[in-house]
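Both complexes shown next keep chain A, but they swap its partner, so chain B is in the first and chain C is in the second.
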Partner chain A sequence: MTLWWSTLCVAAPLLASVLLFLRPKRTAGIALVAVTLVLIGALGLAVVLHDSGPQFIAIGGWGAPLGIGWRIDGLTVTMLLMAGIVGWPVTIYALDYFGGAAGGRHFWPLWMLLLTALCALFLSNDLFNWYVTLELLGLSAVALVTLSGKQAALDAAQRYLYTGLVGSLFYLLGVALIYNAYGVLDLAVLREVTEPTLAVWVALGLMAVGLLVKSALFPLHFWLPAAHGSAPAPVSAILSALVVKGAFYILLRLWFDLVPAALPGAVSVILGALGAGAIIWGSLQAIRATRLKMLVAYSTVAQLGYLALFFPLSGAGEWGNAALTGVVYFMVAHACAKGAMFLAAGNLQRAAGHDNLVSLAPTAQALPVSMFAFAIAGVSIMGLPPSGGFIAKWSLLSAAIGSGGWIWVVVMIAGGLLSAGYIFRVLSLSFSESGAEPKPELAPVAKSSEWASLLLASIALLLGLNALPVLDLLSIGLPRIG
Partner chain B sequence: MMVADLYALVGVVLFVMGLSALILRSRDLQRILGLNIMGTGVFMLLVTSAHGDGQAADPVPHAMVLTGIVVAVSATAFALALSLARERHK
Partner chain C sequence: MTWSAALPLLILASSLVTGLVIFFLKEQSVLLRTVLNLSGAGIKLILVGVLMWGVYQGQTFEARLPLLPDIELVLHADALSLLFVSLSTVLWFVTTVYAIGYLEHSPHRSRFFGFFSLCVTATVGIALAGNLITFLIFYELLTLATYPLLMHRGTADSRRAGRIYLTYTLAGGALLLVGVVWLKSLAGPLDFTATGILAGRTDLNPDTLRWIFLLLIVGFGVKAALVPLHGWLPISMAAPAPVSALLHAVAVVKAGAFGITRVVYDVYGVEFSASLGVLMPLAIVASFTIVYGSVRALFQDKLKPRLAYSTISQVSYIILGTAIVGPVATIGGIVHLVHQGLMKITLFFCAGNLAETLGIHRVSEMNGVGRRLPKTMVAFTVAALGMIGVPPIAGFISKWYLGAGALDANLPWILVILAISSALNAAYFLPILYRAWFMPATGAWQERLEPGRFETHWMLLMPPLVTAALALLFGLFANMDGSPLAWARLIAEREYLR
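For the complex of A and B:
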């Protein structure tokens, strides 16, 4: 059954992508079916995992070292569920957003291709397969950014494309060095044979740089705000919620299976310092932003910084496990909350025809459901209880406190306060006086789009109210630290 | 072994050359060429690892390079199309 469920996660969106490319008129229904199938496949894998533990699959009977192996453990399944759960409301939202518009013809096949690449990435456990899925993910993501056809979007897309390709090539150069040294690509085999030699350090360094560029860790985030801010709303949600997590997922896998224990502590401290830089810098930029979508995009830069705080905390003995749970939970909670924020911001932008914060107050007051969704998502982003973001930050905080990493505690608390700063800037739109000026003409926004954003925000909240099942699933087959 | 080392060295030099073109040049075509030269450098290095010291060559790197070329061709086509779209917009 494992093979069927995992194949479903990749085959369903791939088939949908081809069908939607050949028959653009059919659109939407197919995409919704495919996303549902991904969700079913992920749930099926969760059941298998619960009953019989982590699995390795040799596709077509060709195992490592010649074939390509898939690995299914708690981390894989949590990520697949994340993709399905975020993908569903985004698809509902996009049905109305693109409707019959020309952009939709390209959106649907590309979105399905992106989902295929993402699911394949989460299932893979092979250095070269990850390169291929990263490129598929990157190219379809850039193509999605261009959909609006505006000059700003094209410029952002080009920068995103070039940066992404350089990131992939750095990663591939590292893979080539590893292959040169060991002649193996499968991670399960590699973890047995790698030793802390110079070649391995150089290779890991190159791969890490490539992946950090792709996951937009400060100061390599320069491509992100423009790309995420100028894409159509459902695309921004997909990019911020899911695409950046793909590269970070590979980084996590490498960290556990390939990085020798002899790693100098300075490396993880530097990574943590970059994360701290991201939190401070991204939040300050979000507070200063003049456009709503840029604010949300800079918030992504800041939130991705928390992911990097995991590295110094993972070495904290028995507290390492809390840090690992925290970082994975953070990825999921951020995906739901940030997806919801971009969808809500998209509703405001569509209604008003712009997203300049200064003149958005009347629009915000006309769309209470979207603003409510933004507020709930904001609770999770700020890390307040009872939300998924709270559970994630609490785990990271307790790991930092338990291991005496006070500097990280200060950074996390400061980050929480700063995020409150930019989120309340948006929420205050609901309560500010519109004055006597005439009400602007608002374009209609479909109910389904408003409710889609609220649905995703509610999931971010539910992750906090009902954390145990997710934490149990996540811990299956997770590497034990300390 | 000396030939293999030379290949690897040339591969790394090509990678750095391509990267510097991408950073220093401003015209789209030059930067896209830079990306391709970077890719070729990595491919050179991969091909080197197929070297079997007198025995049959390892086929896996060839498969990787072929896949890499497919990716590079599509990425280049896309980059050119994007560059054209930006030209038309101006």
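For the complex of A and C:
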């Protein structure tokens, strides 16, 4: 059953991608079916996991070290579920967004390819497979950014492409060093044989830099705002919610399985400091942004900083598990909230024909459902209750306070307040004296697009009501730390 | 799910569901919205009645929802929560009637009443919260739900008010969050207990507990408008009158004061707090706030800011009562939670009537207004005299117990504070009454419409009359069973059981 469910997660979007590529005229509803199948596959895996614990699958019967091995534990399935849950409303949204537009022809096969790569990445457990899926993920993402065909988008995509390639190169170099030293790439095997030698340190360093570039950790985030801000709205949602999480997922796996316990504390503190820099810098840029989508994109830069806070907190003894819970919950909650935000921002942009914050107030008042979605997503981003973001922040704060890491407490609290600064900048658009300005000409926005953003935002909210099912799932096969 | 768990949830749902439905109503469906509003408020009133009856019969009501492995969302009905929940439910009903009348022709009513209902949901959640974490969740929700109400008019003033309100409350909320997480990591689940959770804990470092106390009090003090954390309150007067009424009497400032009460009595325990030495500074800050608010009120010509500064002063009576060790002061503080609510909401309703009916915003325009709006001004007079502490109105009872409590605790200087404050209250309220009743009418408002059957819209007139009558009755019949004073006595007995 495990093999069946996990293959479904990869095969369904792959098949849809091929079909939509060969027959672009065919209804894009195929994509919706594929996303639904991914969701079903992930749910199936969750049930299997619940009954019989973590699973290892050798594809085609060839186990490690020769063949490809998949590892399915709580973290894997949580990530797959995240991809399915975000993918579903985004697909609904894109059905209307790309309805008649020329971009749609290219969007659908690329989006399905991206989903394939992402699911395969989450299932993989060896260094080279990760390289392949990472490249596939990055290239389809770059292609998606170019869809609008505008000069700004093309420039951003080009920068995204080059930085992505540099990141991959770093990563691949690290992989080569490891392979040279041990002759294996499977993480489960490597875990047994690696020793803290210089070669391993250099390799890990190279891989980490590559992954940090791809997950846009400050100050390696420079490519992100332009790429996420100028892509079509559903693409922005996919990039911010899912793609950056792929690279971070690999980093998290390496951290647990490959990084020797003898890691000097300075490394994790440096990573945490970068995270703090991201939170402060990204938030300040978001506060200063003049365009709505750039504001949301800079918010992603800031939010990714919280993920990096996990590293110094993971060494916090008994509180390490709270930190892990917090960071994974953060990934999921942020995916839903940020996806919803980009979808809502896209609605405003389509209606107004622009996204300049100064003159967006009448549009905001004409689209209350989208603004409501933005507001709910904002609650989660700010980490206020009740929301998934609050649960995540609570866990991270507990870890920080419990272990006496007051500097991280200050960073998180400051980050929360700064995020309120940019989110309420947008929300205050809803309030202005009626009749003060002439009603602008607004392009129609489909009801389905408005409700898709609200649906995703509501999921971010619901994640805050009861975290236990997600945490139970997550705990299956997860390394206990501390 | 059992009945005892379902009832608290139903009480929350009665306004939550109403609010969510109202959001999606068309602006024109006035009748449907009004029916929903009133039935939501009415159902909540009935459910709270059932709850009180059940508790009176000795039943316990508690709903628990797991949130994280060792954290639960707890809704619980104890004596203190019943007092606050019944206050907010009754006043919500009255304010709903008032708001429907007040906003009859203004835009965005669905949005307004949607958030209005969310606001009350949050307040009731605060009242019923059974642990500090649940309290925190609803406390933050309250911030979010009041923001759109403050911003409702969308004018430059209200946008500024909204921004400043957020700056204060979000910063306060953040400090509160740190305090709660910190305390949780040291002391485990923070379920409210009548004599305090921390009272018996000798394993905790007293200095750490003092720091946490500071964080919690500053977090709650922002909403309770303790000086110097009060800056948002006078500015928030830009909001429509029903919002001001709600903010000042039921929801926001009360949530802060109620939070401080919970922290002192049910988290730290009042005797343990005293042994930590944190109550005396709190009493001093509260006393300072009482005097400062009154002095500032004296110099406001605009009616609503004068009332706002008066709120700052009056709410600190509750905190002062909490900060004095001894059952008598406890009774005075807790009972003022109800009394101040009734009197202050009356005053704001009346101020709204003056503005709506006659366009009067300033004290100096109020000459002779008692002849044009006699019923409104009678209500205003009752409430104002109550605030000064004139017997037999409810405010007198609070001040009496506070004073007696201060003597019990051997703190005679508090009597001086109370005397100064009463004198100042008289100094800023009596001139208003004098102008309204004894000066000839001079304002431009005389050209306005002649009175119809009622002196103003009946939905604007009934609410202040009802609340003023309650303030009078609760003073007159303070010794009856079921009066706020009786409840406060019951609560005080439990806090000092040992």
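We take it that the second predicted complex is superposed on the first by the 477 of 482 C-alpha atoms of A that agree within 3 Å, B and C clash if a C-alpha of one lies under 4 Å from a C-alpha of the other, contacts with A are read in each partner's own complex, and residues count from 1 in each chain.
As a convention for this text, contacts are C-beta pairs under 8 Å (C-beta built on N, C-alpha and C of every residue); 3 or more make two chains touch, one makes a residue touch a chain.
From a predicted model like this one, the values you see are computed outputs, not experimental measurements.
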(request) Superpose on chain A as described above, then tell me if chain B and chain C fit or clash. (result) fit
(request) Classify the contacts of A:Val409 with the two partner chains as first (chain B alone), second (chain C alone), both, or neither. (result) second
(message) Applying the document's definition of touch, where does A:Leu465 land relative to chain B and chain C: first, second, both, or neither?
(response) second
(message) Taking the superposition on A as described, I'd like to know which of chain B and chain C A:Leu161 touches: first, second, both or neither.
(response) first
(request) Applying the touch criterion given at the start, work out whether A:Val35 contacts chain B, chain C, both or neither, answering first, second, both or neither. (result) neither
(request) Would you check which partner chain A:Ala176 touches, where first means chain B only, second means chain C only, and both and neither mean what they say? (result) first
(message) Which partner chains sit in contact with A:Ala377 here, chain B, chain C, both or neither? Use first/second/both/neither.
(response) neither
(message) After overlaying the two complexes, what is the shortest C-alpha distance between chain B and chain C, in Å?
(response) 43
(message) Applying the document's contact rule, which stretches of chain A touch chain B when the two form their complex?
(response) 66, 128, 131-132, 135, 139, 142-143, 146, 149, 151, 154-155, 157-158, 161-162, 165-166, 169, 172-173, 176-177, 179-180, 183, 185
(message) With touch defined as at the start, can you tell me which chain B residues reach chain A in the complex?
(response) 8, 15, 19, 22, 28, 31, 35, 38-39, 41-42, 45-46, 48-49, 58, 60-61, 64, 67-68, 71, 74-75, 78-79, 82-83, 85-86, 89
(request) In the complex, go through chain A and note every residue touching chain C. (result) 368, 372, 379, 384-386, 390-391, 394-395, 397-398, 401-402, 409, 413, 416-417, 420, 424, 427-428, 430-434, 465-468, 471
(message) Per the contact definition, I'd like the list of chain C residues that touch chain A in the complex.
(response) 23, 65-69, 71, 107-108, 111, 136-137, 140-141, 143-144, 147-148, 151-155, 158-159, 162-163, 166, 170-171, 173-175, 177-178, 181-182, 184-185
